[in-house]
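The next part holds the structures, each set out as structure tokens.
Each of the next two complexes has subunit A plus one more chain, namely subunit B in the first and subunit C in the second.
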Partner chain A sequence: MGKRVAVCAVAQIKNDPNYWHLRFQNMLHECFESIMEQTKVTFDMEKGIRTVITCSDDVFDARTISNNGVTDVVGAQFRGEEKMAQESINGLGYAMASILSGHDDVVLFMGHCKESQGESKKMVTNLAYDPFYCRPLGLDFVSADALQARAYMRKSGVTDTHLAKVVVRSRKNARKNPYARECALVDEQDVMSSPMLADPMREMHYYPDTDWAFGMLLCCEERVKEFTKKPVWISGYGSCMDSYFLGDRDLTSNFSLKNAAKRAYEKAGIKDPRKEINLFELSDHAAYQLPMWAEGVGIADEGKGGAWIDEGGMEKYNVNLSGGQLNGNPLLLGGAARAIECVLQLRGEAGDRQVKGAKKALAQAAYGGAGQHQAVVILEA
Partner chain B sequence: MAEYWGIKVEDIFNTMKERFRPEGAKDVSASFGYDIKGEGTWRLTVRNNTMNIEKTDDLAGCAAIMVADGETFVGVNTGKVDGAGAFTSGKVKVEGSLSDFGKTAKMFRKFSPPKKEYTDKDYIQDMFGTIVSRFQPQNCEGLDASIGYDLRGEAGGQWTAVIKDGTCALKNTIEGKPTVRLEVAASDWVRVMMGKIDAMSLLAEGKAAIVGDTSLALKLGQIFAKYTPTWAAPEQELIMLKRTISVNQKFSTGPVMGKFLNSLKEKKIYTNKCPKCGRVHLPAREVCAECRVPATEWITVGPKGQVRYMEYVYYASPDPLTGETRETPYGMGNILLDGCTGNDTFAHLIRRDQIDRIKGGNNEVSGTRVRPVWNETLTGSIHDIKYFEIDE
Partner chain C sequence: MSLDFDRKDCFVVDGKLALPYTYFAGRMGSKFITTLRDEKKIMGVKCPVCNKVYVPPRQTCEVDMTDIRENWVELRNTGEVTNFTVIRYDDKHLPRKAPFILALIKLDGADSPFAHILEGIAPEEVKPGMRVEAVFAKATTSTILDIDHFEPARVSKVQVSEPAERTQAPAAAPRSKEEMEQDERRKAMSKKVIITAALAGAATMKNQNPAVPYTPQEFAEDAYKCWKAGAAMVHVHAREDGGMATHDHKRIKDTHDAIKEKCPDLIVNMSSAVGMGKTAEQRISQIIHVKPEMASLNTNTMNFSLVDRKSGKVFIDFVFENTFTMLQDFGKAMEEAGVKPEMELYDMGGLDNWLLISKQGFFTKPYNFNFVWGVAGGQAFRPDAFMTMKHALPEGANFTTCGVGTDQFPAITMSSLAGGHMRVGLEDNIRIPTGELAKGSYEQVEWAVKIAEIAGREVATPDEAREIMGLRKK
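Here is the complex of A and B:
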């Protein structure tokens, strides 16, 4: 392990179905002011922030180079401002690399997504696919996920009842998270009678449209005391991109997640995640993904996702105590949401959902249809 | 006459009639001159959706005259030379009204070079030049035969294709008695090979004869691959796919943008300024980007002001979804509204028929004074102001 990078502060607004009275600029600015307040960091070109990394999506913001709409509210005027157009967790990796390279001591990392702006989120994710072969078939993240869900559920003995348990638990956990989107509490029967989106995936199995913004301040080890008394360290980061065309992949193999996790564990010196990591935040934007990603990061046995739920695996390993992605975060920002939750836990600031004495946490991000792109971050108190 | 890329200056002018698009010449009634150095001068007259082009020294009364050398003129018309580049570098000049001359761009379809006329002799040479490569040995197992071609007429001649042991050799003569001998006019044979006439009908009319093994003659289509002239364009394999991407969206305006847009409904330009540096935002924005503080102070500016920057735009930028275009040229400008200083300018359109009279200013010299012309219906959008016009 070489030098370390610290998360000095995190800020977020509450996840909301539709911030109709705010522009995404307003949402971001709230987070920006909170980071400034918490850390007293400056924009001095020697000692302060020289580089700001933002994460946003061109299609949701209806402009190319969508960061042009936020440069001012994230304080990035007249300095480096670079955009992560992929899953937000890559922005964390980017910020980490800027600091480890020695180019920056302090990096501000901000992101927003206002999913309520698009009248059809499915049309937006349809645009992620090849325009000539796949888009005309209607392929989007929902239908791609359903292909994976069916195959995975068969392989791992996951049933409609298991998925209902995942949804019920997610919404119940979210009630203990003041930043979580407000979703109605439901019982298993409600979930199992929820309409089909793409069989076997029901409406309630899929995360709802959400508006959210966040901010993080990252810093090199030498200067961490200037900004916080409770740093959280990034000790491992791994990401992996699987094939773009679904037909090129074994959809049940968890190939890219296993690769990303392996790399992150190696960097963080983790031999047995089940024993060494105190809590897991997984990007389950669809219910079947919670057991599937649990297999991928190695806390459930391969092909045993259904039994793992029955045996109380979700509680045993402290998985998604925040409510998880399933309760509602913008898809683009799922990874940042997971990482921020881990930071709060490791700082002992997670309120009613606090894992006592949490020292190590895992945040996972999944983006693209059927979890094409995967990233894993290990955070330590 | 010099040729450039195989094309003469005259070719461009001589094809103007067939390339003319009356729909692109609507409401145009003018003459345009072309002064092509070393080649001559032409006069284009457009009236009542018709046109005339003549080579003449008389360019009197032309609304605009284009001056260029032959190479540049041909190059621009054939896409070999970038038009905008030629104009800015001075290789193309326009005397008179540039905006009038711009209208000619829409009047003509793109010039495409005329196709070379190929003679029967060209085709015959090409056919026998490619016959060996068109031979299909997989269809000729065990075939031992000779095919004599006795083609009559000016383009004609005699050839023999000798097929043996899965190979084909060509002789430029007919010796002795081939297995089959085809007798036909060279010009008719070209038509047969190009699929323009049926060989059977030639036989029926007595214009062709098959001497010897008729069944072999009927197998020619299997012995040789179909003939395509070597100069013919390859078949289109690269398909152009057109897609329009559109996702409906709705945007919250929030407390800042909302206030700005609402004030337009009341024919006011109401915006915010930085409490620290005093910069006025046009349009209103959440924070001062330079001072990183919320811009909390609201003031009314303008609505009159002076033009600071301006340009004429000659392309219509149609909206790909609605097809809606703008009339060209149109004026775009940045206006320093009364109550603003420095670079705090507001971008909007300038009344089309006034753009020639408008001057941009700077911090020392005032630009032309302008005022907004408001739309009849006010909806809280940037179009609530139609454009700015001279304040006189």
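Here is the complex of A and C:
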């Protein structure tokens, strides 16, 4: 185990389908003010924030160097400023690395995404593919995920009914989360009669377009008392990138997630996640991913995702009590949303969804079509 | 600050990211793409150490890091489906209208499957493991779409080994129910005739026929009468109050919108010629601004003059400029904006010009052409020239026709007999066949309806016209 990095404070706004009347700067500023208030951190060049990491995406924002649009509202002007143009959880890893390397001891980490701005999120993800072999075919994350869904469901005995259960539960859980997007409650029949989006994925199996922003303050172990009485520690982080072409991967193998989890567990000294970790927040932007990622982090047996749902695995391991990404977080920010939920749980601030005595939590993030890139963070009270 | 505040004055600004690029395909990619394009061969690369065959190709084996760039192998055009999905949504980045099948296909000779479109089979019939074969594209795009799609293999491996099966003639590729239904609908409907009224043009003035519309209101009234008489589409050049053809965006949009408001059902086809002496930018920017369902796309640079038909005396000499670059840029801009181009053919050369540019692959089917007869600078109407043009069209293309002055009615009669559509209107001719001034474009529409009756053709409604011409209602 290495040195530890503390999350001193987290802030977020409520997930919303369309904050048309808010610029993303407004959304971030709200979080920024909250972090300032919670921690009383300053921008003093000796003792305050000298490094700010932001997470945003040029294409989602329709702005080259998208961070340029927000540096002033997050206090990044005249300071070290870096942008994570990838899944937000990697920004957490980046902030952790800055602190562990001794390059800085306090880092502000902010992120935003307004999916409502663009006409088509599918077009945005189509641009993630190369212009010769994949993009002309119209491949996007929905179609890539659908291909993975079919292969995974066949392997793990996951049925349309199982997916309906995942959706129903996600929306029910989200009702207990004041920051969750407001989605209508549904029953299994509603889900199973929802139209096909890309077979075997139905429209309700896929997360809805969402606007959201967040902030986090991180610092080194030595200075944590200056900012909070209830620090949450990052004790492990791991990430892994799988092959680019869908055909080069075994879409059901969870190769990159298993690797990412293995690295995070090693760092955090976790031998059996089923026994040692009290809650799991998984980035299930499509319903099939909940059991699949559960297999990947080792809380469901390989190839048994369907049975795991039947046996109450989601409740047994406290998976996605927040509603998960399926209920609605921006794709880019699913990991930060997962980590923030873990922090609230570990601080005992998760209200009606609180897991009593939670000491260790796992946040996972997936990015790229069919979970190509995976990252796992272990957080401890 | 609160996230909830008075939103009365909140304003939302429209924007767009649209940035053309050129990408180097890479040394491996270049060979793959040019071989696919020029020789209709699909190439992979084989790792000499682990024997894995990669497609699309790359220069390093990801398993053992061996340099494999020189180790090209030719793959077969057949393979098997390993996985698939059915895309049920329409979007601008998609190569087909929904629903279509996107499959992972492992070619014979390759170890890794790659994604491609699967056609000729209903989604519920697709099974992993089924045999498929590549269908190469007629026009190249220099991408993976030089394979247009895959379809069920006509003779599968299993059938080859079973004599009983082999004696049967290979069956035509099965097509999905929806596709067959759509084809049937198109066929049935192409018997129907679309009547277009070109309400004003750029040059016909009230002193020639007082019924020529100038104001948005006059256009709307006139369009309404034409629709009542049987027209499915109107072709519009907007005018100023004084009658001059205008490129002013507001005036053009007002004219378009007035017609749509009065007559929401009707298809509005806008001119990208606008009038004499307009710049290329003035001509295309208004189309992109207004985004009508359809717009004219002119195919050749030509004389477009006023010459006295009896004496041959030149009144006004004008060169109508439509360079290849304009044909390309206007066409692309329209396709990108969702405006269906109607290709204006003033002679066979115009069609050849379009066929050349269309090799770039950006024009979407079905293609719609208009044969224009009798322009001073173009060709006069002749039945055999008409049939020659018709035979030279791409398969499945729609055509309509219009003629200037006395060419109008003979040309549309010919078209109605040859399976084409008809355009009338004061833009082309101010009279009806009796020689009297037309009371409006609508009176010519009434004549066109009579011609259709004689030719045994039913008149298409606007929605039927949309189906035939591949328009999306706005």
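Criterion: the second predicted complex is superposed on the first by the 381 of 381 C-alpha atoms of A that agree within 3 Å, B and C clash if a C-alpha of one lies under 4 Å from a C-alpha of the other, contacts with A are read in each partner's own complex, and residues count from 1 in each chain.
Assume a contact is a pair of C-beta atoms (placed from the backbone, for glycine too) under 8 Å apart; a residue touches a chain by one contact, two chains touch by 3 or more.
Fair warning: this is a prediction, and the values are worked out from it, not measured in the lab.
Colleague: Any idea whether subunit B or subunit C touches more of subunit A?
Modeller: C
Colleague: Considering only the touch criterion stated at the top, classify A:A146 as touching first (subunit B), second (subunit C), both, or neither.
Modeller: In the superposed model, A:A146 contacts subunit C only, not subunit B.
Colleague: Between subunit B (first) and subunit C (second), which, if any, makes contact with A:A363: first, second, both or neither?
Modeller: Neither: A:A363 stays clear of subunit B and subunit C.
Colleague: Look at A:A9 in the shared chain and tell me whether it touches subunit B only, subunit C only, both, or neither; answer first, second, both or neither.
Modeller: A:A9: touches no partner chain.
Colleague: For A:F43, decide between first (touching subunit B), second (touching subunit C), both and neither.
Modeller: first
Colleague: Tell me which partner A:F78 touches in the superposition: subunit B (first), subunit C (second), both or neither.
Modeller: First partner only, subunit B.
Colleague: Should A:R23 be classified as contacting the first partner (subunit B), the second (subunit C), both, or neither?
Modeller: first
Colleague: Figure out whether A:M123 sits in contact with subunit B (first) or subunit C (second), or with both, or with neither.
Modeller: Both partners, subunit B and subunit C.
Colleague: Examine A:M196 and indicate which partner it touches, taking first as subunit B and second as subunit C; both and neither are also allowed.
Modeller: The second partner, subunit C, only.
Colleague: So subunit A touches subunit B in one structure and subunit C in the other; where do those two contact lists coincide?
Modeller: On subunit A, the overlap between the subunit B and subunit C contacts is residues 19-22, 26, 29, 59, 62, 120, 123, 131-132.
Colleague: For the complex, which residues does subunit C have touching subunit A?
Modeller: Answer in residue numbers: 1, 3, 5, 7, 10, 12, 15, 17, 21, 23, 25, 29, 33, 54, 56, 62, 82-89, 91-96, 102, 104, 106, 112-117, 123, 141, 143-145.
Colleague: Touching residues of subunit A toward subunit C in the complex: what are they?
Modeller: Subunit A reaches subunit C through residues 13-14, 19-22, 26-27, 29-30, 33, 59, 62, 120, 122-123, 126, 131-140, 142-143, 146-147, 149-151, 195-201, 243, 245-248, 251.
Colleague: Which residues, counting only subunit B, touch subunit A once they are in their complex?
Modeller: Within the complex, subunit B contacts subunit A at residues 241, 243, 245, 247-257, 285-290, 292, 294.
Colleague: Where on subunit A does subunit B make contact in their complex?
Modeller: 19-23, 25-26, 29, 43, 59-60, 62, 71-73, 75, 77-78, 114, 116-120, 123-124, 127, 131-132
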